[in-house]
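Here come two complexes built around chain A, the first alongside chain B, the second alongside chain C.
== the complex of A and B ==
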């Protein structure tokens, strides 16, 4: 059992799975049909509000249809009725685990329409806070994955780290989750006095704690291997075909990272690796996330070593009215490629804002990968995608 | 076995949890708590009311000679901050020209009734349920310029 790859039914994978009723063709030797079952929208282990329509043959899933929209808050429409600076707090609430990247994407998109020069210190601080935000998102996501497999301890260690980063974030930005820190033209305020030293101290501590608390405790654990190795396995071709980004794509071995391949802001000056893994299963996604946390630590150290001086806010003028046209920006959030498209008609408010969140696209994986797996394997596969309810519904 | 060792190590570590109501977390200089207004300094410029994305600030303004200079200036007779709408984005604090609206360290806002969350600061209470401002006026430039272009052509 240990280390063996579970066999998935090739026939069910190739069939069109959407919008089908319970399949009467699939019967076992006793003549029993498959049954339909709803999982969610309120489910103790679900990452937010998601309903899965499952067709079960015994304990094997034959069909899995995700139904999204239970947390739809019409972010795009609200953005059309607000002035440009007032949209930033809205973007904070899209992906509430990795808020900083959401702000960053929107600000980059609007800045393409504005005639403003971003000071280098603001760029560096933006990248610095983004990497902290990524650690803040990746480490709890490991904890959630382990919690769903029945291990309670890692989530406590994960939230201990998250709380400590939140305290750092509160000291810099003023809030623990909804930061509203990145502004059009720069960042809200400079780092407080003594903050770089505090960050350095924390990052060194995290580097030391990562090995015992997250790697020694988890990697090599028999139950963890039995539940994750070979689960949710997909080929790189399939992943590219589905348009996945972020960890679900990189864990199949495809090297794609917006920070590396389409660098923006301060990432041009940073030296880091794109973490990939060949296995393409849940265990590989765990290794990718740990690797990305290590890379984030490396980037934060580089930024803190060469933090440029000067202003943190460019001159945008008192009233922000971007030129007519449209601006598109893409950033690498903790979950994958996040893009914002802003269309301006020259007025105070955007004409149209579109948020391309990675979760919405990565969720396709459920329809494609889950059939053929056992029912309890759904939760580790959700851990592989690591979706956030606010991000897939917007 | 390895896992047990880590557990034992943490057993003798310093505790990281706080017993909340007895021990509150430290606040920082920039922490964004509940909003408050210094009414003596307020010049009733209404900028905070206009910038607020959630329409949580309502101000009732009237012309009054408050400082005895003989000129009637705008004066805020009513000022209400509705905490049930506020999202602590700090836009009003940044826009205030006299720094009279600011965040306190207080972060525990709870009440049995939604209306209790609307805090009155002026001498006259303002109804917080009335939307203080209409939706942002849209002035599309394109519509204005289009006839001119046609005339030029």
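== the complex of A and C ==
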């Protein structure tokens, strides 16, 4: 009940389990008990609808059990009953902070079964929009981290950037969040007139604003360092063992990025670095995210410099009926490796679709890392994982 | 006319009237401060803040109060109702009562107690009681955690708060606020924040902790324990807790201004306004309140263990060292002091 096994096993906790209950003599003599606390699903810091069942010894967390499923919308089942192109808007709503990657993964998986050639311009635009979408997700997640630490202001700065990117996205795709832009065989429409210049202008501005608005304001702050350094610390072995991907993995020093190691689409032609950090704590994840925003800016500039011309839609035929078989695609979403497995039986609806979202896997971290930390440390650790409710429940 | 004035000056009537005026002032102050807080926050965050109710949004606090009064008071089913409902009152009254000894101007002080500073210390300590009542009476884990945090924090930060006052008391040689202010007469170079700079900073930080503001707002802890001790309150009970928070913030600012920044003394002797010197007091208090708000909207929150470390390992030693420095200086150069 008191989670003794967890305390004794060899762990990578940054702080030893403290408090009076750690000493069994005192505990038995005074009959002390732990408090059970139920955090969520309606809780401001739970990134949507997550419920944590906590066992507390004073302020120290002894046990933390995440309960998922409060935003389950049966995306996989719905996908089975829709025609192939009609599944794309469904995927949009899985990870609603980084929609473009969700569409991209599904389209890549189906295209493996289709006999279609993607025009180079479509590939480039896909990568371009994906990187915008990544910035759109990473910058607010920095804001969320600070919000959960108690600083309210950075989130508004972050959302200002998100709003500006959303306006660009709106001009390109017609929607601010649920884009439905990447289609089987290409993209919905070409970039509007003058759009590359507009994007270039925005990206230049963002590069200048990144330093004063997000780094100077946050990184040197004593309280920020005190609250994040050493919190949620884990070893690279542990991270690999848990199957983490994305920033939680890279901040421990493991260099893994699907875009780099299993390149897809236009990423083969791009020159970028995989951002890693060896500290493996919340502060490292913050630095990783900033670094990734910089890399995304670099990629967007490269794409805009060499934007190929031509069509943006391949010929898929009027009715999309992929060949029988399995199509698997993996892409790097803002939260980690996102994979889609489509099974086709030759009809015009998928036989089975499975979405492997990084949030579901990364969420294990809570159970492993949180015990031994203080209660307020749960919030920065959530910021390290940066999960999205829609993505872990699907 | 003169008889009426004499009647008003008669002791029990004067006290009741003054207390009424103070209560009116403090309740209004809470409303004005919520508005100020939201405007300051808005300008820090590049937005406008409330600007719809009344001219430039000035009537927003009034609308808020009407809303709070018309809301239903919901109490948890298993709560201890007397403690639950008593807590906001127990928090508000001490925060309002300390204003009785604050000197606003040369002749405007309700009760110039010769132990005014002790009165201030005693009454601010009672604030912690209301906090524990709120947390215990709500019967919620979140409230309980918030109350335990609050109790630990307020009692721990009482120590540097009191220690940092000792230097001023020694220099002024009196426990009366009015005497302390009078001792700082003759321009800003005579104010105590200069000889007592470490004490001034300590008092300011401990004051932020006493007023439970960011970065020391652990009892509330919006993002982890969602409001802490006041998570179960609604309607006017919540409003009263909020009012007491703002009142104690204003109080800490006023006391800081009185003890370290010369109270109602003008910064230069030629700017003396006589009975209107309360303007100086108001300006100083408002400036300190503004710095509180500035900090509130810029910094993240500390963790409980870091808060305790900071209080006991940094603030208390600084106070003790400076106390000895002050005492030594007073012994060595008795002619200066």
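Rule of thumb we're sticking to: the second predicted complex is superposed on the first by the 364 of 394 C-alpha atoms of A that agree within 3 Å, B and C clash if a C-alpha of one lies under 4 Å from a C-alpha of the other, contacts with A are read in each partner's own complex, and residues count from 1 in each chain.
As a convention for this text, contacts are C-beta pairs under 8 Å (C-beta built on N, C-alpha and C of every residue); 3 or more make two chains touch, one makes a residue touch a chain.
No experiment lies behind these values; they were computed from the predicted model shown.
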### Task
For A:147, select first, second, both or neither according to whether it touches chain B, chain C, the two together, or no partner.
second
### Message
Under the stated touch criterion, which partner chain does A:173 make contact with: chain B (first), chain C (second), both, or neither?
### Response
first
### Query
Is A:35 in contact with chain B, with chain C, with both, or with neither (first, second, both, neither)?
second
### Query
First (chain B), second (chain C), both or neither: which does A:346 touch?
first
### Task
Answer with first, second, both or neither: which of chain B and chain C does A:315 touch in the superposed model?
neither
### Message
By the touch definition at the top of the document, which applies to A:86: first (chain B), second (chain C), both, or neither?
### Response
first
### Message
Quick one: is A:192 in contact with chain B, with chain C, with both, or with neither? Answer first, second, both or neither.
### Response
first
### Task
Please indicate which partner A:324 is in contact with in the superposed arrangement: first for chain B, second for chain C, both, or neither.
first
### Task
For A:213, select first, second, both or neither according to whether it touches chain B, chain C, the two together, or no partner.
first
### Task
Could you tell me which stretches of chain A are touched by chain B in one complex and by chain C in the other?
153, 160, 221
### Task
Spell out the residues on chain B that touch chain A in their complex, using ranges where they run on.
2-3, 6-7, 9, 16, 25, 28-32, 51, 53, 87-91, 103, 135-142
### Summary
In the complex, the residues of chain C that touch chain A are 41, 44-47, 141-142, 144-145, 149, 214-215, 217-218, 221-226, 297-306
### Query
Within the complex, which stretch of chain A touches chain B?
81-83, 85-86, 88-90, 153, 160, 163, 167, 170-175, 178, 180, 188-189, 192, 212-213, 216-217, 220-221, 324, 345-349, 351
### In the complex with chain C, residue positions of chain A that touch it
35-38, 43-45, 56, 59, 146-153, 156-157, 160, 221, 223-224, 226-227, 374-379
